[in-house]
Amino acid sequence: MPSSWRLQQAAIRRMLGRPRRPRIPHLRPGTAPGTLAAPGERTPSRITVLRYGSADLAEIEAKTVEEAIAALDQPGVTWINIDGLGEPEIMARLAERLHFHPLAVEDVFNVPQRPKVEAFGDHYLIVLRMLRLVPEIDEEQVSIFFGASYVVTVQERPGGDVFEGVRNRIRGSRGRLRATGPDYLAYALIDSVVDGYFPVLESLGERLDRLEDECVSANGTLLVPHIQALRRDFLTVRRAIWPTREALVSLQRDESHLVTPETRVFLRDCYDHAVEGIDIVETDRETAASVMEIYLSSQNQRLNEVMKVLTVIATLFIPLTFIASIYGMNFEYMPELKWRWGYPAALGLMALVASGLIYSFKRRGWW
Amino acid sequence: MPSSWRLQQAAIRRMLGRPRRPRIPHLRPGTAPGTLAAPGERTPSRITVLRYGSADLAEIEAKTVEEAIAALDQPGVTWINIDGLGEPEIMARLAERLHFHPLAVEDVFNVPQRPKVEAFGDHYLIVLRMLRLVPEIDEEQVSIFFGASYVVTVQERPGGDVFEGVRNRIRGSRGRLRATGPDYLAYALIDSVVDGYFPVLESLGERLDRLEDECVSANGTLLVPHIQALRRDFLTVRRAIWPTREALVSLQRDESHLVTPETRVFLRDCYDHAVEGIDIVETDRETAASVMEIYLSSQNQRLNEVMKVLTVIATLFIPLTFIASIYGMNFEYMPELKWRWGYPAALGLMALVASGLIYSFKRRGWW
Amino acid sequence: MPSSWRLQQAAIRRMLGRPRRPRIPHLRPGTAPGTLAAPGERTPSRITVLRYGSADLAEIEAKTVEEAIAALDQPGVTWINIDGLGEPEIMARLAERLHFHPLAVEDVFNVPQRPKVEAFGDHYLIVLRMLRLVPEIDEEQVSIFFGASYVVTVQERPGGDVFEGVRNRIRGSRGRLRATGPDYLAYALIDSVVDGYFPVLESLGERLDRLEDECVSANGTLLVPHIQALRRDFLTVRRAIWPTREALVSLQRDESHLVTPETRVFLRDCYDHAVEGIDIVETDRETAASVMEIYLSSQNQRLNEVMKVLTVIATLFIPLTFIASIYGMNFEYMPELKWRWGYPAALGLMALVASGLIYSFKRRGWW
Amino acid sequence: MPSSWRLQQAAIRRMLGRPRRPRIPHLRPGTAPGTLAAPGERTPSRITVLRYGSADLAEIEAKTVEEAIAALDQPGVTWINIDGLGEPEIMARLAERLHFHPLAVEDVFNVPQRPKVEAFGDHYLIVLRMLRLVPEIDEEQVSIFFGASYVVTVQERPGGDVFEGVRNRIRGSRGRLRATGPDYLAYALIDSVVDGYFPVLESLGERLDRLEDECVSANGTLLVPHIQALRRDFLTVRRAIWPTREALVSLQRDESHLVTPETRVFLRDCYDHAVEGIDIVETDRETAASVMEIYLSSQNQRLNEVMKVLTVIATLFIPLTFIASIYGMNFEYMPELKWRWGYPAALGLMALVASGLIYSFKRRGWW
Amino acid sequence: MPSSWRLQQAAIRRMLGRPRRPRIPHLRPGTAPGTLAAPGERTPSRITVLRYGSADLAEIEAKTVEEAIAALDQPGVTWINIDGLGEPEIMARLAERLHFHPLAVEDVFNVPQRPKVEAFGDHYLIVLRMLRLVPEIDEEQVSIFFGASYVVTVQERPGGDVFEGVRNRIRGSRGRLRATGPDYLAYALIDSVVDGYFPVLESLGERLDRLEDECVSANGTLLVPHIQALRRDFLTVRRAIWPTREALVSLQRDESHLVTPETRVFLRDCYDHAVEGIDIVETDRETAASVMEIYLSSQNQRLNEVMKVLTVIATLFIPLTFIASIYGMNFEYMPELKWRWGYPAALGLMALVASGLIYSFKRRGWW
């Protein structure tokens, strides 16, 4: 019997019906701009502080926001990282101390925001979308504030991030990081986020290759939902990476003293990575569309095949059965029935008709 | 029997045939520009006036337009709201008092207009499209005039609006509203309209998710009209939000003294919201198109399935019936008919043929 | 029997085969630019002259071109309208008197031209496409020359136009028309042409709504040619309105003394109307494409339905007939045939098989 | 029997398999730029010289290139036309005399080049694609050099061109040609090439109209290859006309003393013609795509029709045959067989079933 | 029997499953920019040095990088070519000597990079993608550094390149190469890469032509994967050529003293070649899409044909068999069975029905 339709449907419904991320920021019409509220339930946030100069390094896990603020008064670059949006008052206190613009702070909590860069005189806000494989694609908003001597990063949810490499480079005193200002740290963080898109793209590319291989051998399995799910994932990456590219352009062009010319060169390199990523996304999206086409045409081919078999069998036996049914009639005066060679003659007639039909099928290339 | 085609058609016709909004502004070729006429029947308009400074607040429901005009002479910001286009003479009187440009006033009555911003020296006209869920999408034109000390809003139809939050913020003396000029009030109104798109988008997104779930389990129900109706609703939002974005760009760039630099920052934030909305609309439109594809391909799959069953059954029994009909012929000299084991042999032959066919189907993966 | 294919085809051929307008301007490779020739047969043209100032008004129907030229020497604004391109020498004489550029005059006769604005120092040429419902869409080229004291309009064919409203406003001394110069008259004429697109769009929109309603109830009628014909009409409007918008942009931007700043404001309004029209055309074109999709998918659905019925009937009866034909065989030794309950047993077997099949169809949702 | 598939295929293969023009210029990686070589076999080129001033005119057919070069030293405008690329040394000699840039000369021989304009200080190179109907579309590269006192045109192949009108205007001393410089002659030649696209477009448009008429009446003929061949021809025109438009823009904008302001006005007119042509190509391409859609949907409709007939016939007779085969069984105890009215009753039962089925088909609109 | 589905699938899987090139550069999130590592296993690189002035020429195969560096101190232009990325320390040493920017060096090793030009004060980095037919398309990254007196090229893999023509021109002292600086050499190398795209395009074009011919005669072979594989190859060329065009634009526009005005003219020519290539790629991609359409529609046509045959045969014989089965019933009282002419009458009735059906098929054009 044909493949179990019902079971497939259940599987597809499960696959498509997986809980979807909220796509719409929590803006309530009519509230004053700058109002802060945690997007989900209140959960405690984790605050980590990393303060460094070319010579010294201090790493603390702050219990209260005041501990973190104390670090800001000391020399060197201070990087405060807040994990989770559960405690808006932490951000409110930091914003007060560092004079963040109310709209900038609002953007941190109105997840998901479109990636962007906003300049506010003495500080910048960079909103990015961090993608990780855990092992599904995990999407998280990262907001990066940086000013003359500090970097503040806010992550949407507690849990891992893509900044471990940067932390290690600071700790290990490797590369330029320890000797440069907060603009370079901000660059390093942005670069980590952008570079983090590539493993995701690699995994999507592998899924694409696998689907491409399966789409011709697929035997009644519904590949379309898989292809569509893949396309949706490409769309997720696309929505993260395109505005990031725009943000990098505007950050490079902005003539602020907060970004040194040396860092601008590195930002250009980061921009190149983003363009590279866009290139891969767009090519893969096109390939995904063509995999769809191969699949649908192979399904069509299969229907053709099925119809041809039906036609050949039916067309062959319908006339033969007709002949047999003629001699199955019960008329009293049917001379053929009494002939000695009637039966062999009838069989011969059938063989003749069958041969003729088979010949004509062969000529048409249907056999 | 197959699903009731007729009943479905009736339902679809009802769904698609719901009275459509006029899409074409009531421009009569050859009339002089600036001619005013109510777009529908004459219905009384409602005039409400809200006058406030940082210290005081007055809220009156004006019986006549003169009452409203009287408020304009007092200090502070005066917000006159007109609900419904049924009495053009109210607007004509206001336009006379506040020197509105005839073309600007014409735009208020020629609904629907494309959202836009127009600068006329000492006043601005902002035309927006307000969307609300009541519970279907309700579309209404809002025209916002603002000058040095006043804001005049004109709504296409009486009934609710999305400005209640702004009114409450004025009444409650919350936020910056009471301390700032009419430009900030205008911003707050625009922001309310833009933020009002998000609940609509959320509801459309939910419909989309539901359709996506249904499209693989759909059992003969016609999903296409539902998908198309959803697409049309997305188109409605799109037509509201794209030109709003353009209008916000031109309002921000315009170097008029009527808009303070502080308000410009807020307009940029509002612009970001509009871009966010566009992003969601476009992604959802793409998803809607791919839901269509999944649905059509699942329909195709179903046809394939049906054809396969038909082929298997017909191909199996047609040759067997042929064999039976041979031995149903009435020839006198058919030696097999007299054999002792003729009948079992015929049945065996049939079983053999059937097994061969089933084996060949299995090899093709049709069984 | 199925719907009468032949009759339908005849109807479609008639519909599609209606005489098409020439789409290609009559340019002969190698002729010198500026050569004038009537595009069709020579037919007499009609010349009407309307001369007005803020106080006086003269309206004459000129017998010869010299009569019209005489009016040019008098004070006030002179509007010469030429109906039909049958007498090129009229235009040649006017061009000589008013120093029109030879290429400008050539454009008048090389119909159809793309709508455009061309500035020639002391005069402008505006080429537009006038659309009217009579009751099919009628397309006609209108060329508008205007200089310091005159407007010359040339219409491709005699017969009605969309300028009657403007004439009445001049005659009735209503609006600004009588008090302003030829630039404002030119604006009023352009505005009439642009506003004339909206009734056409309204009628196309109604056809679209009707097709949308029919496309699900269509019972074997071929809707595709109707949808395509509608699309072609949208294309006609589109080809008229897009370049008109561009022309209005370039007319507004051109820094000529021939266009006063007051008129520029009105031109901006006219530009807004054109954009509005483009918006409607594009949305409707998108809807037309989706109506096509609904129609095709509903046709597909119908085929599905048909195939399902065929499968159900054939699959049900083919095995039953096979059983019957077994017991129709004429073997001498078929014990069942002699059994007392053989016949009811055979019928019972058939009923059993039928029930099994029906149950399996029900489970698949085909019944 | 169905239409002769095999014959059609042969015809299509012939149609599609017609020898294709080389599409790729003959660039050999690594050769020094400026190397000249005939693109095909060496065939003698024909050199014609036309020298004229406002008063005099000389027309000679030069045997050697030196004869042509001699003409360059005389006053007036000299137009040297070379027919065929078979003798590269002619061009080399001319290039030496007139100081053509090596890359410019290379472009002449590397056919096909993309239409373009290149300025080289004291001379221009204009590369165009000349299209003619002979009676298929014939595509040929024309390279036009012009300097202060000369025009040199090089045609890819001997045989006709579209310049005969220009030659006649020079000979007949008609129009502005004799009184103006080489820039106007160059314009006249470009204009001839652009105007030459319109007869080609007209012929393609007629083929399109014919295909549109045929696509609904097509009875098993494969229209798709015809439509695709037409689309390919539109593509050919498109590839010629789009870059020509760009070239005209850059020629107009270039601030060289070689092009007088008067000629620029004519170039703008020529540009308008090119845009007109683009407009026609794009609209026709869109129509061609929609003709395809009509055709495919009419094919689909036909399949629907066929399936409906099959279903109606099969569904009607399969149950009837089943009834007949029941009473064809040979059971000994079948009481109905002995009834007096058994036979009429069986026929009646069949009639009843048939009526029921026909009624149900009618209700579904299949009959 | 229908074509061997299983064998085809195997072939397709092989074709599509060929090992794919890594598409994603080896960026590890969090590593410091400028870190070098061989992208694959460590394999020895080959270093060749070509030093030349207008008079002298030296060509050595350097054993160590120091040998190559020694050449840099001598007068004239030094071209160092490194084949293979297996020894990153060679590049590191060269970068140290020539002060390459760390990010530039990183780009060399992070293959595949998007083609681009980057200016770093005293040197340029040009990244290109070299395509060759060997005989499949072989893709390799080439990085070209050039400064005031040197050119350094780094190829991704050992093995052939497209620079042999340039080497021969240097050796043979032909053309401008020996007399000009490193900028002209860089141009010559870029030009070789760009010109190398054309043989690849020619071979793809031939495959396209072949597929076009086959797509109507294809008898059950699956052309879709072949078309898709071709499309993927076009995509490969497209991804190489589009950014190369952009890179050439930016190289031409850059106002660096490293590129002389003479070389800029040649770069413009090279740019023209790239545009030419893009033109061919885009046209061929469009043709490939339309070949797909022809193929799918011809498959559809074939299904139509098959269905028509089935319908004709089944519709013809089903009623005839029904008549025969009526007279095969065993009722005792069937008067027709006893008639003298019953049998011929039955046959006559069948002939009549058959004629009627055949006539009706003919009228529908199905026979």
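When the chains are written out, they are named A, B, C, D and E in that same order, and each has its own residue count from 1.
Everything below uses one rule, namely that a residue touches a chain if its C-beta (ideal position, glycine included) is under 8 Å from a C-beta of that chain, and two chains touch if they have at least 3 such contacts.
Owing to the predicted nature of the structure, the values given are computational and were not obtained by experimental measurement.
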Inter-copy rotation, chain A to chain E, in degrees (Cα atoms; steps of 5): 70
Interface sides of chain A and chain B: same vs different residues, half threshold: different
Rounded Å distance between chain B and chain D, as computed from the means of their C-alpha atoms: 42
Mean-CA-position distance for chain D and chain C (Å): 26
Multi-partner residues of chain C (each touching 2 or more other chains): 5, 303, 307, 309-310, 314, 318, 321, 325, 328-330, 334
Parts of chain E lying in touch with chain D, wherever the complex brings them together: 162-166, 168-169, 174-177, 191-192, 195-196, 198-199, 201-202, 205, 209, 212-213, 216-217, 265-266, 268-269, 272-273, 275-276, 279-280, 283, 286-287, 290, 293-294, 297-298, 300-301, 303-305, 307-311, 314-315, 318-319, 321-322, 325-326, 328-334, 365-367
Complex contacts: residues of chain E adjacent to chain A: 1-2, 5, 9, 12-13, 16-17, 20, 23-25, 27-34, 101, 103, 106-107, 113-114, 116, 118, 219-220, 222, 224-225, 228, 231-232, 235, 239, 292, 296, 299, 302-303, 306-307, 309-310, 313-314, 317-318, 320-321, 324-325, 327-330, 334, 336-343, 346-347
